[in-house]
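Chain nomenclature is as follows: A, B, C and D, assigned in order of appearance, with residue numbering initiated at 1 for each chain independently.
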Amino acid sequence: MNSSAETVLSIENVSVHFGGLIAIDGMTFDVRSGEIVGLIGPNGAGKTTAFNVITGFLRPTGGEVRYRGVPLNGLKPHEIAQLGLVRTFQRTSVFQERTVFQNVLTGLHRSGRSNLWDMLLRTRREKESERELVETAQDLLRFVGLEQRASEQAGVLPYGEQRLMGVALALAVKPSMLLLDEPVSGMNPAETARFVKLVEKIHHSGVTILLVEHDMPMVMEVCDRIVVLNYGRIIAEGTPSEIQNNPEVIRAYLGQGKKRA
Amino acid sequence: MDQLLQHLLNATILGGTYALLGIGLTLIFGIMRVVNFTHGELYAFGAYCMYALVMPLGLNFFMALVVAMALGALLGATIELLLLSRLRGADIDTTMLVMIGAWIALQNAEQLAWTGVALSINNPFPSEPLIVGPLSVSWNRVYVFFVALLLILGTYYLINRTHLGKAMRATFQDRDTAALMGIRIDRIHTATFALGSALAAAAGALLGPVFVVAPTMGDLAAAKAFAIVILGGLGNIKGATLGGFILAFVEELGAGYISSGYRDAMGFLLIILILLFRPTGLFAQKERVG
Amino acid sequence: MSRFLPWLLVVLLASVPFWMTDYYVLHIMITTCIFIIAAMSLNLLLGYTGQLSLGHVAFFGIGAYTSALLSLGFQVNVFNVPFGVTPKPVWFAMLMAVIVAGFTGWAIGKLAFRVRGAYFVIVSISFAEVVRMVAVNWVELTQGPMALNNIPALTLGTGEFELSFLRKPSFYSLALAVAVISYIIIARIVNSRAGRAMNALRENESLAMSVGIDVTRYLVIATIVSAAMAGMAGALYTHYIRIVDPDVFLFIYTVTMVIMVITGGKGTLAGPIVGGVIFGFVPEALRAMAIKPEIQWIIYGVLMILIVYFLPRGIVPAIERFWAGQKPGDDEAARSVPGALQK
Amino acid sequence: MKKLAGVMASAAILAGSLVTGAYAQETIKIGVTQPLTGAFAASGNYVAQGARIAEDEINRAGGVMGKKIQLIVEDNKSNPTEAVSTVEKLIQRDRVPLLIGAWSSTLTLAVMPKLEEYKVPMIVETSSSGKITTSGNPYVFRISPTSAMEAVAFQPLVKKMNIKKADFLYTNNDFGIGSGQEFAKMLKENGVQIGISETMDPKATDFSAQLAKIKASGGDSLFVTTAVEQLTIILKQAKEQQLKVRIVSCGGSNSPDQLINQAGEAANGSFHTVFFPPWFPEVVKNPEPAKRYMDEWTKRGHNVGGLTEGFRGYDAVYVAAEAIKKAGKAESEAIRNALWDVKVKGIYGDIAFTKQGPAGKESGQHMPGVYLVTISNGKVAKTSF
């Protein structure tokens, strides 16, 4: 896309050590506004660790992460989410016991305008705020295509729809940038195709996207740029076609002896 | 000076039994992820076994300890098989609720069986204390101290040197992998709970003759065991050993020089301070979170 | 129709003092009512935020002692500095009890939620025990095991318009009113945005954080409300029984509240009420059958285990499911509509 | 919402079904509240056993006014709040016109406001705190001695026992603190130096720290006030720590027989104030009831160590029966008035009440005898001063 767009997420020399184990070693890369960037690499390369560092679930041993110029070091996950940097999870990405609709309402937490007294006294502001949230929730469900499922318990949805549910939850936070952690793993081709459409729809609405995924065709299809991690280090960075032909990337994947693509 | 030395001696002697109490509890938590609220009741059970064996039945004092431990192990294994085995994989709050239920039932069963009246156990030791300079300590307590040390060392040996211990350690580190390697997790859990229970019963059987035996004695013992285990870090056996001695010193010196009324509060205060400033215990390395 | 049933029940309960002549039954109803308030407050933490707080009785006891001490007045020396309080009106003492308990909840919430799981449980037990030890040993303030005696009863107004809550019928009405208000407070919280946040952190804390919910903030809010409510129950208790001793902090009372909540159904509004009614009246029924208290407690312990095994969600959800089975569709509709929209 | 209402409705039905009415009675009920479980369980059970003996004796002899008396014994669990609940239950549910209780001073003080509220008199059989009869509660009639009376009785022995410096160890309740204060006051007045005063929780079991402090204080006598359970441990631990001072236990709930039995050699050389010495019943003022009580106690197989406690319940029931007889009806107010005229030849002596406390609201207090015994060679002996 537009390579002159401003940098929104910058990861500078980030390292993560668990005891003696090095999970990420001096990782540096940027994501620019409006991009879809893929973060790939073999199992155990440190991709999810990178996500955890960026979203505040893990404190880096060294280095700095900045989002729109704001250093994220020391911020808690919910504070980072409030800055507009929102993630999804590989697994357990919905509130299992709630209905789909309640899930989205929960995700809309930050949009509520009422305070504790409003809730206790059930003031007009509380009622209006709740009504707005309900409307927004309905819009969001329509956006991801789950409006038919609104009253079903989220935990019993088919796998693909749970992923959609997870995205709807993340979108409820009104992100300016979305981090998707292996969103299509375990999906069948039809579900994947549906999901890719959704990602593009989100992207068109102005959201920057960073994506961790094993499904290579999907990554190649949607990403503007790809960053390749192996053993905690970045070994390549470039457009999908550049990456596909990069000998080191091929070696890394073949060396591990498995390719999920 | 003499008073200080006497306090230090008392604390050392007491620390041995505290460590014994703590190890049983921490072992069970470390390997099974179960907070054993029945620990105090197993302690009281050991003391009552001792009473029943020595006083009405007239069994040899030293033999009675061995039998009390065996009975403790048996009761522990029963609890594990009856209540915990079917809860494997349940979250920790669920097992805690079950253990609290078991604790209440056991304590009241003891009260029903023995009434609330405190009982006293005779010991075969000379009634004149052991005197070293200005210090004195009863022979019974000296015996208790050394037996406690022996049992602690025995536990270390069992865990570090035997086949069962190896399986326990493997389970402790990674339950799933251990299972894959052919370790029978069910058996390890039962054995662990039985071992922890035997240690608690041993502590009760040792201290019963020193103090008196009463149904509520388990509560205080359990409270101290929790403090010790938190001090050392849940699941840390070496930590529990040291924690036992630390608690004994803090209590004894606190009672001697600050206020004897707050003696039993010291442990709880330590728990709170430790958890606020070093949540994984004094001796644990920082665990990976998440 | 069904919307009016709870109110009908409240009216029915409110009418009890007018026809109930056996004061002993009234006495049991009052203590049950107070325990239900405490159990409801615990449910907010245990059921809605999922924190197994086993030090809950501390808030109850702090409320009881605060109200008792302020209404009796006290004189202590703190590091040789004399500090005294003259007797205050009971309504003021009770209000302060709620505030002090709430404040303690705030402090404990801030500190204790640094740790979770087993550690949190143990720290919460320890907190209650430390408070008990202080109550036992700070004899100058609390009278220690000698208990605070002759605690005044609540009176409102003066002279001709004086309303005294010394006698059982009037006190019953007071306790019932507090219980109804507590129920409404909890119902409103759990059916609001804050309630959804609490639910979210119970079900999946990481996910809750990722959607921008300040988990600690909502835990602390829940603890404050819960502690203040337990403090109110304690204050009611102390001005009813008119004596308070350190055993009010005993772990067994926390256990009683926990049993009430999990039996009735944690995380349901009616759960603590159902559990409270059962465990408020069962001891009396057992006593009438001349069953020893030990056996009663053995039954409690075994029941607790059985509930966890066979009715892990408690009685209320089980009944709800039963009703849902009878009338398919109705339940689905009820569950799909969020609380705020039900009206 | 619908389900909730259903659940609540069924709960209400449950509540309603528990309503039961009191049925007609052919007996005269007397309420007894004692610590049958908890820290004072041993003593409370002994008192209840003694009371049962008296109940059976009286009923065998035809009861009171042609009706049998019936003791309703409730367990106050050694806890003041529970004590209040038992009194509430005894008065409201069982409608007893008269109470006996509540063993420890703290328990008695706890229930006293209820006596005033419901206007029901209570015979106090054990408690020793001065506050009980001086605080102006006209429903309290005490047959046991106060700590002050005990201290005064002890006074002549101070010189004889050659006490120069005394230390104190007592439970931090009304019983312990009251006794400690009265004895310290009395000893000071007799020129004895007071060392340290250590307190303990009634439930504590390890006193090594306190004893080390007391040892360092260097007094010649240690006055201990607590129930027999703790006293047993204290004697044992004092011996372990070589605390070579004269130990005197006050308060009369020390059961020397039980001490000999449970503390063994450690009990030797200790002194105990008792209010009834069953080892030499000939010394008491009324040996006849004492002998009757002791025979029955042995016959029933009760613990011999409990004799020094059980007589309190025994006497209290006789006083209660006499008061009802004098009142002519089982009504609280009449019984209260009659209690002032009661004269009973009991083990506590010739029981009669004198007035104590603020004028117009006096409580009744009996003046019993106090005996000091010692344990030597595993036997209880009279003191030879």
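In this section, a residue touches a chain if its C-beta (ideal position, glycine included) is under 8 Å from a C-beta of that chain, and two chains touch if they have at least 3 such contacts.
Here the structure is a predicted model, which means the values were calculated and not measured.
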{"item": "Number of steps on the shortest touching-chain route linking chain A and chain D", "value": "2"}
{"item": "Chain whose Cα centroid lies at the greatest distance from that of chain D", "value": "A"}
{"item": "Rounded Å distance between chain A and chain C, as computed from the means of their C-alpha atoms", "value": "41"}
{"item": "Separation of mean Cα positions, chain D and chain C [Å, integer]", "value": "36"}
{"item": "Distance between chain centroids, defined by C-alpha means - chain B, chain C (Å)", "value": "33"}
{"item": "For chain C, residues contacting two or more additional chains", "value": "136-137, 206, 293"}
{"item": "Residue list for chain A, restricted to those that touch at least two other chains", "value": "57"}
{"item": "Interface hub residues of chain D, defined as touching at least two other chains", "value": "37, 172, 201"}
{"item": "Of chain C, residues touching chain D in the complex", "value": "2-3, 5-6, 8-9, 12-13, 20, 22-25, 27-29, 136-137, 139, 144-147, 149-150, 241-245, 247-248, 269-270, 273-274, 277-278, 281, 284-285, 288, 293, 315-316, 319-320, 323, 334, 342"}
{"item": "In the complex, chain C residues that touch chain B", "value": "50, 52, 111-112, 114-115, 117-119, 121-123, 125-127, 129-130, 133-134, 136-137, 206, 251-252, 255, 258, 262, 292-295, 297-298, 300-305, 308-309, 312"}
{"item": "Contact set on chain D toward chain C in their complex", "value": "1-9, 11-12, 14-15, 18-21, 37, 75, 79-82, 84-85, 88-89, 92-93, 106, 109-110, 112-113, 171-174, 177, 201-202"}
{"item": "Residues of chain C that touch chain A when the two form their complex", "value": "185, 188-189, 192-194, 196-197, 199-200, 203-204, 206-215, 221, 332-333, 335-338, 340-341"}
{"item": "Touching residues on chain B, where the partner in the complex is chain D", "value": "2-3, 6-7, 10, 14, 111, 115-118, 120, 122, 127, 129, 131, 136-138, 140-141, 211-212, 214, 216-217, 220, 251-252, 255-256, 260-261, 263-264"}
